[in-house]
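Both complexes below contain chain A, partnered by chain B and then by chain C.
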Partner chain A sequence: MEERRYRSASGAPIALRCRQHSASCRELAVRCPRLQLRSLSAVTSAVWLAAYGLFVLSENSMVLSAAIFITLIGLIIYLHFVKIDQESLLVIGSLGIQVTSSYASGKESTTFIEMSQVKDVVINEAIYMQKVIYYLCILLQDPGDPQAVSEVVPLFQSSMPRLDCLIEVYKSCQEILEHRKTVPQSS
Partner chain B sequence: MVLKVFFPSCCSSAESGILIGRWISEQNSAVILAVVHFPFIPAQVKQYLSEVQQVTKVNVSVLGSWSNSKQEKEESLSKFLEDLGTIFAHEPWIQISKEGDSKFWNCSTLQKHSNNPKEEEIILVYYDQRKVMLSHLHPPLDTAPSTDHTSDDASKLSAVFDTVARSKVLFMTDRYDDGPIKLTHWQSDGVEASIIVELLKQAAVPACMLLTFLLSLIAGVCRSRVLKVWPLSFLWSKLSTCEQLGHRLQHLQLISSNKKAQTQAQLMRKANIFVSLLIDVALGILLMSWLYRKNRIGHLADALIPVADHVAEELQDLLQWLMGAPAGLKMNRALDQVLGRFFLYHIHLWISYIHLLSPFIEMILWYVGLSACLGLTVALCILSDIIALLTFHIYCFYVYGARLYCLKIYGLSSLWRLFRGKKWNVLRQRVDSCSYDLDQLFIGTLLFTILLFLLPTTALYYLVFTLLRLLVVIVQGLIHLLVDLIDSLPLYSIILRLCRSYRLA
Partner chain C sequence: ENSPAPLPERAIYGFALFLGSWFGFMLYLIWAYVPEAWLFSLGLTYWPQKYWAVALPAYLLVAIGIGYILLFGINMMSTAPLNSTHTITDNYAKKQQQKKFQEEAIPALRDIPISEVNRMFFLPEK
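Presenting the complex of A and B:
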């Protein structure tokens, strides 16, 4: 259970923690860069300066209290719905894959994908404006049609790790996914 | 292959006993439903399980043993539990044990007839029995498996949800029942029920029957021949209130029908309609209580006539403007005067009619306002109908202007074809060339010129009245949009999603 430091696609520091619970169960968690104090103070000061400017123009003190409320409520909404603290992937061979995102306010949202629906876990390339970004994704298949890929679920959307971190995660996942191909499924 | 054991979280503090549940062999997983405690007689256990199997159609059997010893591990108990495996033959025999206050569990299997003696891996999954039972993830049972592939197609976990959901009757016995078998499951401390819900269920049956009877009476009256005479049927079709009332009647009939909802979708539909009706009537009564206080109806009735007068005056000003030189355009004086005077006389007739009705308006409004107790949607529909009735003259003007314009355009297009020497072939539905006589051409060209130069006047009147009609239609459309929103918003599903999201898959 060690923690290794990597960088995200935009250069911020992130950390990958890999836990092996058993031979067929692994948990990989990526911790996203924290909310920077300087960006928070920059946004707050900008909003309050604008509110003060409006106050000077309109002589209405409601503008100032409205600005304070907006800043507080905006911060709460940002922490609860936008800012992701940690994204983790729990791979249990023969049961499924669980993707968890935990937000800064403590909220956790999980998605569970059954093993019969998972075709493969791959690293894809995407060209975004002038950059080439690598991302890890799960390929889903329709159990009735094992050849076609029905859906692509991208992982680690907020932390956006770089290729070196993704390769570690990819190798861990593939070790477990290989077992289900070698062991025959139904008796 | 990996063995998966689904264990209910309510049984983790249960006394020692044997585990009963369902073994899904194609997925190599065991779904444990309850724990049977000592002392028990194996024959009675088997009989009970076969009874449960008959009722629920779930293949319930004894899967293994569970030991929760407060003291140190007792050798005799473990031997006894292994011997139980010989009485209830099940392959593989699952043994789960928990010692004292230790956090760790011990889970092992006994394979008697196995080919490979290799240790297989066991995954223990803890599940919340109540939530799994209530959540609707299991597939509908109507789609019978016709081919072999459907068992592979269905999601593997849905079999687990299905097993727990279908074993409801197993969870109906609690520890206060005097039976030979003592079980532990999520309801074993007392079957969960609420007095209010039970009372409502008892009261619902006669209430539904009464409601069905009343509704059939009302529906019979509505369908009678008296109300279908031509002028009345035309009137009913034009008034949106009648349509809304008919809609709500249908809803009520759906709710109060005797047969239970077959599928989940039908149940949700019934629940949504019921909640929508409740909210509608509640809002309607709220509106009524607000309206009848402080003589607001009187104020409304008093304000209605001046508003109608004001609208009529504005229209008269508009017509005077059109009869002059509107926006700098030069109209044809004669046609202008004719049309303007015609519309002015119409407005005069309408205003006298409204003034004739004015002493009765308050009483009509008072009685009509009482119908708001049927629901806010009915009140809004009545408002929309009142607006339609008050602006009837605008509708008439629109019809006259549109008819005139339509005739003019029709004539113009036909004469334009004549001007170019062509004709419309009705048989072939296309334009053909045609040779006209000289006098036909002469008169046709003359008429064409007249119509062309009268076009701006008619077009302007048409434009103005169409815009006015559009305004009224937009207002009525917004009201109808609100009515449709209240009718069709699935409030029950929304509230269920927010509060008990595990019940909606």
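Presenting the complex of A and C:
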């Protein structure tokens, strides 16, 4: 179980942790950068200064209390619904792939894709907001038509690792996915 | 037959356009600056309101400015999202036919599936 440091697409430091539970089970977790104190203070000061400016103009002290409420509730909503702390990928060779996102407030949301639906895990490059980025994605296949790709599930959308980190994750996943072709599936 | 070289017909078209655009510009200036009373005394009563002599250029400039932003926005909207299959394949690649492999010939051009490309790039085999 080692942890290696990489950078995200925007330059923020992220860490990749790779755990091998057994020969056909691996967990890869990418930890996103934590909420910075300076950005939190900057946003809070901006909101409170704007509220104070409004208070000076309107002489209504409710503006100040409203600003405090907005800041607190906004921070809670941000931590619970927006700020992702860690994204992890659990690949079990014969069973499937589980994708977990843990938010800063402790909430975890998981998605499980069973192995018969997984066609491959690839590094794709696409245009994203005036940039071209590499991202890891799971290609899903229709059980009736194994040649065609029915859906694309992008992974690590919040941490956005760069290519060097993606190559490590890709190699790990491919080692497990190779074995499932040699072992016959029992339906 | 479609060369961009100068021809007598093209010279005539160009000169006609040049005269026409000068005439149009002079007409616009007359319409915008000559007072209505003088135009009425000449008998030209059914011309549009002079308001439009200012309004149309204003509309045109604002439309050009918005056009820059609109084009940018349309481009961003028609970019395929990260979870769409259009980033990986399209109709032509799905229906392509495989040509037979011939010895000593350059292989035919085809769209290589992304799994194969990934293996070649990222899994170095000794």
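As a convention for this text, the second predicted complex is superposed on the first by the 183 of 187 C-alpha atoms of A that agree within 3 Å, B and C clash if a C-alpha of one lies under 4 Å from a C-alpha of the other, contacts with A are read in each partner's own complex, and residues count from 1 in each chain.
Keep this in mind: contacts are C-beta pairs under 8 Å (C-beta built on N, C-alpha and C of every residue); 3 or more make two chains touch, one makes a residue touch a chain.
Note that the structure is predicted; figures quoted are calculated from it, not measured.
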| item | value |
| --- | --- |
| Chain C versus chain B on the shared chain A, clash or fit after superposition | fit |
| Contacts of A:23 with chain B and chain C, given as first, second, both or neither | first |
| First, second, both or neither for A:48, with chain B first and chain C second | neither |
| Centroid geometry (CA): angle chain B/chain A/chain C, rounded to a multiple of 10 degrees | 80 |
| Partner chain in contact with A:134 - chain B first, chain C second, else both or neither | neither |
| Which superposed partner A:154 touches (first chain B, second chain C, both, neither) | second |
| Touching partner for A:6 - first (chain B), second (chain C), both, neither | neither |
| Which of chain B and chain C A:126 touches, first, second, both or neither | second |
| Nearest Cα pair across chain B and chain C, whole Å | 20 |
| Residue ranges of chain A touching chain B (in the complex, touch as defined) | 22-25, 92-96, 114-117, 143-144, 183-187 |
| Sites on chain B touched by chain A in the complex | 1-2, 4, 25-28, 121, 123, 125, 149, 152-157 |
| Contact footprint of chain A on chain C as seen in their complex | 76, 79-80, 82-85, 87-89, 94, 114-115, 118-119, 121-123 |
| Touching residues on chain A, where the partner in the complex is chain C | 119-120, 122-124, 126-129, 135, 137, 139, 148-154, 157, 167, 170-171, 174 |
